[in-house]
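Below are two complexes that have subunit A in common, paired first with subunit B and then with subunit C.
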Partner chain A sequence: MADTDTTTSGTGPATSGTATSGGRAADGRGRRAVRVGVSAALTAAVVLAVLVVPLLFPLDRQAVDLAAKLQPPSLTHPFGTDEVGRDLLLRCVYGLRVSLLVGVVAALAATVIGTAVGALAGALGGWADRAVMRVVDLFSSVPHLLLGIFIVAMFRPGVWPVIISVALTHWLSTARIVRAEVLSLRSRPYIDAAVSGGASRWRVTVRHLLPGVLPQAGLAAVLMVPHAIWHESALSFLGLGLPAHEASLGIMVNAARGSLLAGDWWPTLFPGVFIIVPTLAIAGLAGAWRERINPRRRSELML
Partner chain B sequence: MLELRDITAGYEPRTPVVRGVSLTVAAGEAVGLLGPSGCGKSTLARVAALLHRPDGGTVTLDGETVTGWRHRAPRRQRTAYGVLFQQPRLSADPRLRLGELIAEPLRAGGRRAEIADRVGELAPVVGLTDELLRRRPHEVSDGQLQRACLARALVLRPRWLICDEMTAMLDASTTAALVAVVESYRRESGAGLLAVGHDRTLLARWCDRTVRWADLTGAPAARAEAPADR
Partner chain C sequence: MSALTSLPWGPMARMTGRRVLLAVPVLLAVTLGVFAIAAASPFDPVRAYAGTAGLTASQENLDQLRHNLGVDQPLLARWWHWLTGALTGDLGDSATLRAPVSQVIGERIGWSALLCALAFVIAIAVGTLLGVLAARRRGGLLDRAVTSVAYALEAAPPFWLGLLAVWLFALKLGVLPAGGLTDTGSEVATAGQIARHVVLPALVLAVSQLPWFVLYVRQGVGDALAEDPVRGARARGLRERTVLLQHALRSGLLPVLTLIGSRVPELITGALLVETVFSWPGIAAATVEAATSVDFPLLAALTVLATAAVLAGNLLSDLLYGLADPRVAFDG
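Coming up: the complex of A and B.
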């Protein structure tokens, strides 16, 4: 199908209905619009689902139905049932709710920490900047997951330890981005003018520097959401995240590993899809935002 | 009296841009500093405005030896200067409306009560209408933005004005208007002026005396130059 499409558009663009008649630029713009549209629709659907479904279909976490265990997808159970007969679609939505909550809260917390640290380093400059950035290097030399496991292990299992763990391991890239932006803004003449106008360090930072880095910090926060979702799933998969009875995508994938070996593909596939699809949707939106605010590519701002 | 003595300044410790330069501006005097681009005259102007810490030399401001630059300078010393830069685009915070831009030094000094009066007084002087004051920097031309920057420099009634190639991006009529505003402010307040530029004719007409960069660095004794001398 793809082959025939390319040959027809190559030989005669006017005859093929699907090929765009514009040039390469128009084609790219169209593709970008489609990407943004699809990403926005998916994100909206995901957010709507996790907000509305729990109101309509409450989930009894203890209820098991062993007679209906491991049923393949059907009309009554569109995603099938898991190894103790619970409906996978409902559990996926609940798991996604936890993941999104953890993702958004942890990303916000990480961005706030990172922005504060980065702005501090960039605004002070000199040895304070060097000292702060060495601490950032120290933190980033420890693998994220290892540090996250260490932090989670200090608390009782629950949502908040996971959020703290993700926030404390993910502020580093934001701090680097914000520091670099602050350093580049700091040498602008309008900062000189503010200094000459009698503005204090604090005022220069809060009034002139931070508003200038907010678009980058916001983008970093959005890109952090998928990272945090993955991190939560990884911790839950390892049994370190949420309590085992909670519906969490990582816990569901972990519990379904055994049945995957027996050939039952649906209990692992659907939670996996629920991890990947919101990730890609949010990353697609963030990519469009990045192209808007910063045409030159920055490796820190890619997923 | 603004006195720069044996100033050595630069951005790399090994290679100073300005080496052992001395320059004196008497109270109420207008001094033009002429020089080719990249010679370090802007750096010297930044040192004089307490915006760049020199590696060596002393700056004396109205009889006081300056001990700190940028934020380390007392607010009283920093606000004694009104500074104007070459590129209005870069010297205006892109998020502030022109009215807020002009009021910013008053706000930073905790004198909000005076904002309405002072901005209302300065805007017609520099030639900005109320409608322009409500626009943001990207919605106005370079000349209009430089007018706002001039108003911002004058809003605290500084005793010294440092104009770092203030008119390099502007057309002749805007240049004339801005120079006229600066001159009328100086007549009224008796402020001193250090104008940096490479437009020999403009500086010769504008300033009491012009100094060539080559004379400052080559033979420090021969500082002054008659304005008519080409």
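Coming up: the complex of A and C.
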């Protein structure tokens, strides 16, 4: 889950198109359409499951069925049951709900900070820009998870410390993207027109620059959600995340360590799958979005 | 030997010196930030130090303790005190591990370095191999298989991979130990035992770093294969192996090799999780222990250490880039 900007010219027609026949190119386009379709379907399924399942199957946290504990996956329990006999599929959906909620809130917070800082740096320019970018460099020289661990440890585990720690560590990439975009927009003629029309610096920033960077910031926000989920799961797994009753996916993996050492793999496997699948689905959708914003840069998935 | 003497040692040394000077304010700011976060936190070191005795202790005793620990001083004074101590090698005492912080780091850093170095070498070797194989025929079956697995692995949390590896190799197959540094009950760490115990954590850490290498090598070599020199080599009728290894790999691998240093943050993140899963006695596991029991002196020292490692990695990256690409000057 690196913040790498793998801006690749991929399997698609952009680079290989010159060298290969039209058939390969069409093939690549078809595969891309399939990828977007599958990603969209998976994302819709995840969102629907997270929203609808709690309405249909309310989770009784106290319900313990020791007779049915640690059953392997079967028809009645597709994912098996955990160490006190609760259905793992239902628990995974609830865990994803917690993780997704924390992830979305944290990603939004990170994007708002990043957009504000990036737009400020880009719009002010000069020494303010240099100072802000120094701060960005400073933050990026501390490993994200370590800074997150430090913040959560100092403010005792809970939902808000986790969200704050994710927001404080993940705004950097958005700030860089927004700043670069603002810098490139600043030299456009319509900005000059607005300035010579007497618009104030504030008005130029809010009315002319920000709308131009919103698509990029939105894309960054969407890509941030899987990062935030990943970060939250790691913190929760280390015991520095959400409280144990907010059973997120990371907490479920941590709680299943005992059963795993007894040889029961399913309480560990399925929560992890529930982290991977939404991540890939969101990355697939974000890739399509990026190609719409920036059609000249054919890109592959970016996590 | 001529290769060694022809290196641009002077410019490289100047660049290193400049970077070290630039690292000083960054490290100062990070330490100050660490102290500021601690000062803003609701956590009270006096009560933590006193433990259950703090519940019954009188206010004078608590104040005395507060004074002894130096917590009653303002933020900047405490920071300055810590900083001057750190320069003389005194980083304070770790409450959880009951030892001076510098001793804890000294004992554990070697194990972390061993694990990370092994994982890094495996990731580079396997990543280059898979990346080149995938790049040879883009869009082919192998390419699609390798890239899909790489994306799935990149999305997978390392701790989850580690637990599944423990289940498969230690419990199901019973071929490798599940964690720790030595077998339970044995006092001395022999080289053979350590070698057996390091395999699983190193592999998991390598696998968690692998996707990045695979995807970058694939892209670099794939792009190089479409460039004019390669087309020229093909036109001259050179063997496919020569084209791939001498032309495409050489120019395609350079950007990847130079970016290796910038992987240090991800490596530290992976080590934090992998060392915890495998109870590996390194500094990353100590960081997590320190965090769960709010051991501020240890946590602060390790955060600063990690920052220094990241800065060193960036420097290495830029040095390699300057060496690999003569067009880039050593100024930055």
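The working rule: the second predicted complex is superposed on the first by the 268 of 303 C-alpha atoms of A that agree within 3 Å, B and C clash if a C-alpha of one lies under 4 Å from a C-alpha of the other, contacts with A are read in each partner's own complex, and residues count from 1 in each chain.
Just so we're on the same page, contacts are C-beta pairs under 8 Å (C-beta built on N, C-alpha and C of every residue); 3 or more make two chains touch, one makes a residue touch a chain.
Note that this is a predicted model, so its numbers are computed, not measured.
Q: Using the superposition described at the top, determine whether subunit B or subunit C touches more residues of subunit A.
A: Ranking subunit B and subunit C by residues of subunit A touched puts C first.
Q: Applying the touch criterion given at the start, work out whether A:F150 contacts subunit B, subunit C, both or neither, answering first, second, both or neither.
A: Only subunit C is touched by A:F150; subunit B is not.
Q: For A:L280 in the superposed arrangement: first (subunit B), second (subunit C), both or neither?
A: second
Q: After the superposition on A, what does A:A194 contact: first (subunit B), second (subunit C), both or neither?
A: In the superposition, A:A194 touches subunit B alone.
Q: State whether A:H208 touches subunit B only (first), subunit C only (second), both chains, or neither.
A: Only subunit B is touched by A:H208; subunit C is not.
Q: Under the stated touch criterion, which partner chain does A:F79 make contact with: subunit B (first), subunit C (second), both, or neither?
A: Neither partner.
Q: In their complex, what parts of subunit C are in touch with subunit A?
A: Answer in residue numbers: 26, 29-30, 34, 37-38, 40-43, 138-139, 143, 147, 151-152, 154-157, 159-160, 163-164, 166-167, 171-172, 178, 212, 215-216, 219, 223, 226, 263-266, 268-269, 272-273, 276, 287-288, 290-292, 294, 296, 299, 302-303, 306-307, 310-311, 314.
Q: Can you check the complex and tell me which residues of subunit B touch subunit A?
A: Residue list for subunit B touching subunit A: 46, 49-51, 70-71, 75, 78-79, 81-83, 85, 87, 90-95, 104-105, 108-109, 149, 152-153, 155-156.
Q: For subunit A, which residues count as touching subunit C in their complex?
A: 1-2, 4, 6, 8-11, 15-16, 19, 24, 27-28, 137-138, 140-147, 149-156, 226, 230, 233-234, 237-240, 250, 253, 257, 260-261, 263, 265, 268-269, 271-272, 275-276, 279-280, 283, 300-301, 303
Q: Of all residues in subunit A, which touch subunit B in the complex?
A: 188-190, 192-201, 203-204, 207-208, 211-212
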